[in-house]
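Same chain, two partners: subunit A is paired with subunit B first, then with subunit C.
And now, the complex of A and B:
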């Protein structure tokens, strides 16, 4: 396995980490999860930096990563403290609870209440009276009842 | 007694002291000096007056030396040494005594930039400097000569007394310090105006005097009438100042310099002959006459008319009564209205070169004197009577200057000198009455105050006698001299001056009539005290009556003492502008006494006094004929014409003010609709665009994150797509 293949592997890993982090950051509204996703993006970048450093035989990448780690540590402390304060004041971790920086005449974004999931009357397949109802697994009953 | 440096020090200190007191009171008056604000100002004024006296003494000393020198040496020798004397060397020159001291250069523009007189008329400039382009250099230059020395003494003397008087008059004013700051600035401007030795400095301080008068007339700015009067004074003066500015431009184009004095030759720089300098005075043909000269002189006259309140620009002076009375006294006697007379006297050589302009000066003066006197006889406001009498007396001064002879010019200046004393006296006495009557000065509402205010009454008597020209009071000597000089020109065959002579004699009669009308109505008859007076109705404090007494003394003696053997005229004749061949040629041959005229004018004045006494002191029944005549339609019209000041204000209102207001309204409408509309469109655009973008700022963090990511993607995409190289 040559150097270039090694690099490719790590870069792919870094890109995957970054991409997962990005999707997490965009898709989730829990502030702690968003924070974790952001950390994950950082780590993805760090991995590619180290890989490039290894590839070019240069300490620059590693050095940068040390800095990133340091900054990430500080950032984590501050971010967690902020999240804690926000949680204390609103009792929620939902980032959408904090919309106060919008323009004054804009309507706030309100979650549309999802309609109560209609739990249909469980309809079981008609079976021949001759048959005996099979044993249902508990898991199927709890999570996928409506399927 | 003095070396050159000492006279220079005097010349600098005389204006510097009022300037220093202005700055001190302006800086400390409000919080530190407060009701002691007058102290630095009075100290500075008195100091300036003492220094002015020293300067006068020194200049006089030199005129004596010059006379001795002129007798001892032949004229040709003196002429040769004159140009070599230089600007700041001690000059005992052929043409009068002058001392010039340059402090610093204010502006120096090379001839490449200052396209001066390219087409200099070769007759306009001395042969050694003809045809060359001059550098435009404006120096801060002070001068001392007899004219300046006399003006400085008058200004500082009257100012000192007025300031002392103002301590009593203004004692409970909340803006005490502001008053003294402005007054001090006023005096500083005037001392610089008469000390300036080039037209630019003259113009600068001409304006500074206007600004100070604006500030002082509008001193009580809570009163709308005071604000309006200040604005009117300033705007009417603008018209005159415009004329002066044009005159200065014309002088620069014609003569290539704005200095009064000669600039001696230096390295690479040839000598420049000043407008009123020795070089030019020794060859009077160098003064430009004809159309250009006439234009210069008429523009100068316009400027002087504005500042000295001559017809048709006299309308601001009576309204300027809205200021505190000490301001009126200062303005009428010393610091403001005399500026025009001074400037015309200073520019005598220019006026000698165009006789029509000189006649214009005389006509303006003579007409204004008569015109203002006709208005003054019916005014009911004592201060307004005095204001019109000032205009009238200034008309006399202009008439004297317009006569254009040694006798006429020196008589005009002498009238300025004596008038300063008795007009300051009359105004301060009127102010004393006003102070006692709680601000009421309307003669229909007050009267018979002679027992209440004996000191004010007898000082007013002195002023009134001097103003009427009764022997031996000051006004007699100067007014008589002006009338006599006009009469002489008339005798010499000029019809115009004969008319002016009779007009001025009639004006003298009117002067006595209106002055004593004011005196009798205010101080005699049944005692009437305005209800506004309150507890104030008593004689003014001695800080106010002492200056009155001093001025009364001067009003009695100034004429007789200074006219002794023509001393004033002889001294004034040493001013360079007056000490050259054209003027000297007009000197009367041999001693000439005007005994007959003196008797005549005294008789005229006394008959005016007598008529006033007959009309206003005597039995009402005795004058019934007159009152019935005045009630007839024709008499009533005449009366209204005079009482309405010949409706000059109304004429200006309808011919100038209203059309301008209309024009202003049109432009205002255009501005509000067109210009403001454009601006509003420009101002309205950003909010509209902003409103379009505003929904983006929804405050939802995940949305921001998404937009940020998309933006980054766009940037990265652009980076790849961008054509490199």
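And now, the complex of A and C:
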């Protein structure tokens, strides 16, 4: 029967989205990317809730997702305002710029070796020659010069 | 340990390795290996979904299954891309792809309003605001902190362990009861002399029938039903959400202007 298999698929998809978002939130250092990862975890929850709502023929799941959307919009507004303020005071979007908020018995984090910036060779596109040069009539050129 | 549990474990380990290899680090050599490992791990996860993989095209639900596979593949692959891309702009674009995938999944789950709202609110508003902030904050291009990540192996292992545990719990909760559920939902007769069910199976003990779904959650008058529910049963929640939006708006403005130096000279405070 298809319904419970569909529920299974949607729940596992939600788990995958949640786990991938978790990895992103833990591993990335750019505050904006961390925020995107948190939103992705919310998406995983939403997929699961909608699937449960369909399975039980209950509107509660969809309602919950509507309010998740609302809260995500509020959260995005506040968080982006905060990120902008943090950027203005530190000049970076790096969370490691705020590590003086750590506990007093923790060691500071120091970047050991930073990878080289990969500078791509800028190759500009070349225009292929298109068409052929039309024949110029000498007569016309001379005449046009006088006009 | 049953073979399916072993397979889940293998898939989890592969997922952890692949995410670790994909996360931005120094060298670039890990990327293709990470992609291959991730696809293998995804394939193993898919093979757990026994009912959905047995796809016969004579089946009337095969269209829904095919749609599910396409959208799920788009969603998961772009989610991995959005987490592992180096440039935050690419992250945002991949995340937009994830949102489109989930919006499509919502459309196929009888949540048309949510599908459209996800595109409008998330992809249209939130993501564009992200891109604006990126342009304001990081206009000079790649920064060093986008090329490194915190403790890549540990965080990938934590995330993959989360995925593995959730997959195992979900499969164990859903799998053994499937034939009984199918029979009960076909005949809609609750067997009175059945053994007491464990708590995890209560959630799936009462599926709706196809007729009930077609009349309510999958009906063509989707907005009709949704609005009736939203403005009767959830009315107070709607009001609270509206207040929350207003408070967030005022709060965001207050945060944003707090860092600005107000002009002390005449002109600033004389309005009103």
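Criterion: the second predicted complex is superposed on the first by the 107 of 147 C-alpha atoms of A that agree within 3 Å, B and C clash if a C-alpha of one lies under 4 Å from a C-alpha of the other, contacts with A are read in each partner's own complex, and residues count from 1 in each chain.
Just so we're on the same page, a residue touches a chain if its C-beta (ideal position, glycine included) is under 8 Å from a C-beta of that chain, and two chains touch if they have at least 3 such contacts.
Nothing here was measured: the structure is a model prediction, and the numbers come from that model.
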With both complexes overlaid on chain A, does A:106 touch subunit B (first), subunit C (second), both or neither?
first
Considering only touches as defined above, state whether A:96 meets subunit B (first), subunit C (second), both or neither.
both
With both structures superposed, pick whichever of subunit B and subunit C touches the larger number of subunit A residues.
C
Which partner does A:29 reach: the first (subunit B), the second (subunit C), both, or neither?
both
Contacts of A:47 with subunit B and subunit C, given as first, second, both or neither
second
Do any residues of subunit A touch both subunit B and subunit C, and if so, which are they?
22, 26, 29, 96
Which residues of subunit B touch subunit A once you look at their complex with the stated criterion?
694-695, 697-702, 705-706, 709
If we count contacts the way the header does, which residues on subunit C are in touch with subunit A in the complex?
15, 19, 23-28, 45, 48-52, 59, 61, 64-65, 68, 72, 75-76, 79-80, 82-84, 88, 91-92, 95, 98-99, 102, 105-106, 109-111, 113-114, 117-118, 121-122, 125-126, 129-130, 133-134, 136-138, 142-152, 154-156, 158-160, 162-163, 166-167, 170-171, 174-175, 178, 181-182, 185-186, 203-204, 206-208, 210, 212-213, 216-218, 225-226, 229-230, 233-234, 237, 241, 244-245, 247-249, 251-253, 255-256, 258-259
Complex contacts: residues of subunit A adjacent to subunit B
22, 25-26, 29, 95-96, 98-103, 105-106, 108-109
Mind pulling up the subunit A residues that touch subunit C in the complex?
1-13, 15-24, 26-30, 32-33, 35-37, 39-40, 43, 46-47, 50-59, 62-63, 65-67, 69-78, 80-85, 87-89, 92-94, 96, 111, 113-118
